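These are the structures in question, set out in turn.
Two complexes, one shared chain (chain A), two partners (chain B, chain C).
This part shows the complex of A and B:
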């Protein structure tokens, strides 16, 4: 083959790669028997903290997942199946995606749901691009209360000709921490630079509930589309996007029976109204009948995908998070609508108990507006308090200064959440430990040493 | 099968019928045949300006999605509303009921840039 190419060595095929970037030998130890290796890896994994009382949310939420989810996922037919390229042969795969799409359509109250995307941030970015294509405008407004990671992903996608602008939040009063509607209206009013889409989250990153219908009205009045970033479990008790005029919904499907893991793999939810069905990226599974009149699932609108439409396609995506979408479907089917309502309500109740317990040790909320199951509290020197609570077995949520360094109102903030798996004991542990830490007891030498050695893991339930 | 001789054609298989300063545009039977069953046609809004040889819409079949290219420049007067409910008209009646847009012609001289029936027939024959 080298001869046919007129080359003398395989190395010549890699000449375009700069020498400094070419692979060299990996510095690995000698091979070991499997038992020794397994023990070594287990010891490494054991350095993770997995039994903390966790109050961490910030876009990823711990929920109890019925064993049926894992049992289904581990089946070989699902576990190793790749995205079908002659899809109609894989009727089972298509049916599972169709059922996922149907369940999510019911949950978000919109007409069309894609087969799923990489995760919430990617889905949100795709939603933003949809608004630009559909309106033929190139400016998108995103609330500062949308998750900072999502906004960062949006910035990555919005290189080149597209413009992304952040809408500020209300500074004080009962609406503090939510999207500033007056500012939004001003930004929309610049007729020289018409807006394609407005993006807001419900609940928002700080856990607060936003005036979504009002945001939608302002967007539509300016001819822009409205994108709602949603948390799926909350939709059991909050009005879904379809009910308040959202054109597109995006979100993270992890809370639907998928463990926090270590940042992934997750599940990008994307849904839209029927009017936008030709703009939505991702795969779509539809239902029809075959020549013999039998029910048949098909991958539909295929001609719009990137392998056929190429540079004119809505996106480069050509697959989905099939296994995670299946997990979400099994979760929803097993928990059911009443169960999901219980999950959301219990979480809200626990969060309320948490708020009271923390207030009782002198730590109030930063904001006063309504929240569902997540909120910010203020403590002096939050990073240090967070570390000292970790030493006492409590993962006290997220240090907001690290997530939002440019917002002085959030300095010394901790974003904490509770779900249906949070126990009264854990809440008591948190409050007691916090009271101790704030009471000024200096850490012992043992505590200080142990704290620096550990790594944080998102505590899983299973 | 020869194409209508009273029309002009683009290399991308659009046809145009001129009546005064109004032009009616569609795609040829050859194009519709190649595409297969048409399921959706995306047309520009009334009032939008289209430029000669630039994309002004999209035609979608079960196996492909293709851009539509304007034979002449001008302002869109009307899109064929019937295509929304009956896109198959493009297959059954490509030169009549399957028309796509009517445009107010900005530069009549642009018609000279187009192919006549013989030239278009030759183009298709060449494959």
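This part shows the complex of A and C:
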């Protein structure tokens, strides 16, 4: 090629870099042959502790992902293509996105589903920005029982001219741990500062079920939009946002067949009513026909997007999570509506067993309200207990004092969950270990290694 | 129905039949949901399709075959760096130790991944000449927003509240002005100079006490290195503004130019471009940001810290009060970053420099092959991509760049990016990448030359293209005017399933 160009060295192609700004080398390790690199990567992966009896959820859940899901994703036609700018040779991706939009629309009960955002927190931030654009107001209320990472992300996105306020939670009684409706009403009543949107999660971060219809009514009465943050598997059994009047649904799609993989790539779900279709950011795929009248799919309503509208776009999003949207679709198609209901119900059943087993060793729930498959328990000196259980092969959920340091009611809390992959043996191991740790008896050597030969039955898409 | 050709597929909603599927999940106890209040329960079950696994698999395999992809052929989509995605990286990301790690697992359970991420930050800092890197942003555009929010935090921390503008050249990616708007800034678009580079005088005229930042893509979206970058960075800093580098085109300059050393204050990396992580039909990506000393305090949280004993931990919420905060949940798109790490280790420092050398050589070779048939508006050494134009062909024959792009499909190639950057008439932005053989480059050049001939002799053949794709050109106007964005049974009646 150099010869064809009449050059003697590739250096000649870099002469336009000003000499004073030229770099000479990269101080990085030498190239590594695949055999050695594979060993290095295996060793790094093996340093992580994943063979644990895990009760950790907090927004990311272990589920059985049928191997068909990952095997479909491994087809190069899916994962080595890009955005379907040329619809004639991208009908696979386009139809799969249209099917994703349709499947999620069924699940959330809203008509318009964006073809994916980065993950749950960024999707929620986009939802909050949508409410400001749609209402031309600039104040958003978020329940304190929305995941702390989501609230932190909202704060980052709202650092400019937009205002974000948190709605406190009920302190005691049966509604403890859920959004305080009286406080919400007071915040909405400040007519000098009208509210664009109200954000609440179902189930909430503490696993509790929120009075979503009531929150929605209060929001709408004040002229605000209602954003529901949802967990998609739960929607097989819990009322979907469309049933209780939410205008926008946002959430984390990871539970739909996607592996935990330490934070992503996941799937940001964002959906809205027809009335808000011009405000929703992200790709939309619609059904149309080709010149021969043949049914086909195409990216549409592109005038909302950054490559067309530039500084007037609904968002700067370009690259999204299309492959994970595909994973969710294959998961839903493979597991089916009855399977999904079984996943959610079995998780609830396992969580009931977990609640009983922990109560039997003197570890009660923090709250009394209904939950689906995740709840907080009160454990004296929770951070230390959590560490000691890890030594015994148990990942005892989330230390709430670390996740919600500003809430004294959670100081002794562990947030624990169960799903369909949780086994009776894991629950027994957790309860026994917890009982012993709290009883003060030091673990025996056998007990200390009790978790080491366990294999967690959670496959998934990465 | 054709035996070998791509076949359009019914939707999964048309394939579902009541009673199919099952066998995946054990049945729960009948009373599993009894403790859930009726008011919180779903009244109408979601109408998801019921399918057997073989039908699901066949559906998605057949659908996949309607796609063009890097694994099926040459994909010279300018600005997107559609290089080969090494298969080792897919294997690595699926190792159970990586894949099954919960993002809120204690640091003690995540030492392998934390070490990998820490080493990746160090490598990206070296490649970019930046002081430090955050891996948190989920994609390039989110990296841009992270960078601009850090710049905003920097000005505010200095009590400098008058800065309201972000300057971008007219050749910039759409994400740049969209990002500036999201951060509450007004975008000022600066025209390019005749040679395709930044117009230094125009920039100097636009710069002032209201300028918060300048966003520059280097090499530019025309595939040209900004020869006046040193002067521009000096001018930016003289007025107290900061310089953002859009790293979309980093694939051209590894080991040749380090933006941080040259004076950029912040940049993002598109690991799905430069570092070979798959594009996934639109995503996922990852968009780490690198910063110089100035913006170091403002990096998003959590950072990954190495303790004195050599162990790693995540920064705690609020531990560094100057941080702009979180951009998203958890640490980042770790599964994507594992792949990027594997790519960087496989190539090493010398290999990455060769990557850039070969990408630039391939682009210059292809440009050379097309010169004379297509207009080359900026005929000097390009970097990893270049713009060709069909302006003269259009004038002579009426055939447009869009038509030529569609005709390339019949020749078995993915078309380049077309009509971007916006400043070139009938432009096509061609990026071959370093992973293509000279035979592929020659075949592509010959196809484009043949199409130029067809434009003169049989223009209808070109304007009617594609002829061999699964579908012909689409009615995009109706799709936008009467959006059909979800399946409803009625839709199937209106437009019957193809088979």
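Some notes on this structure:
One rule holds in what follows: the second predicted complex is superposed on the first by the 401 of 462 C-alpha atoms of A that agree within 3 Å, B and C clash if a C-alpha of one lies under 4 Å from a C-alpha of the other, contacts with A are read in each partner's own complex, and residues count from 1 in each chain.
We take it that contacts are C-beta pairs under 8 Å (C-beta built on N, C-alpha and C of every residue); 3 or more make two chains touch, one makes a residue touch a chain.
The structure displayed is predicted, hence computed values, not measured ones.
Legend: residue contacts after superposition of the two complexes on their common chain; A:278 is shown touching chain B, with no touch to chain C. For chain A, the partner touching the most residues, choosing from chain B and chain C, is C. Applying the stated contact rule after C-alpha superposition, one finds that A:138 touches neither chain B nor chain C. Judged by the touch definition given at the top, the superposed model places A:324 against chain C, while chain B stays out of reach.
Within the superposed three-chain model, A:116 lies in touch with chain C and out of touch with chain B [touch as defined at top]. In the superposition on chain A, A:374 makes contact with neither chain B nor chain C.
Touch criterion met: A:312 reaches chain B and chain C at once.
Using the contact criterion defined above for the overlaid structures, shared-chain residue A:412 touches neither chain B nor chain C, since it reaches no partner.
Once the two complexes are overlaid on the shared chain, A:304 sits against chain B while remaining clear of chain C. In the superposition on chain A, contact of A:72 is made with chain C only, not with chain B. Residues 303, 308-309, 312 of chain A are contacted both by chain B in one complex and by chain C in the other.
Residue ranges on chain B touching chain A, taken from their complex, read 40, 42, 60-65, 67. The touching residues of chain A, counted against chain B in their complex, run 278, 303-304, 308-309, 312.
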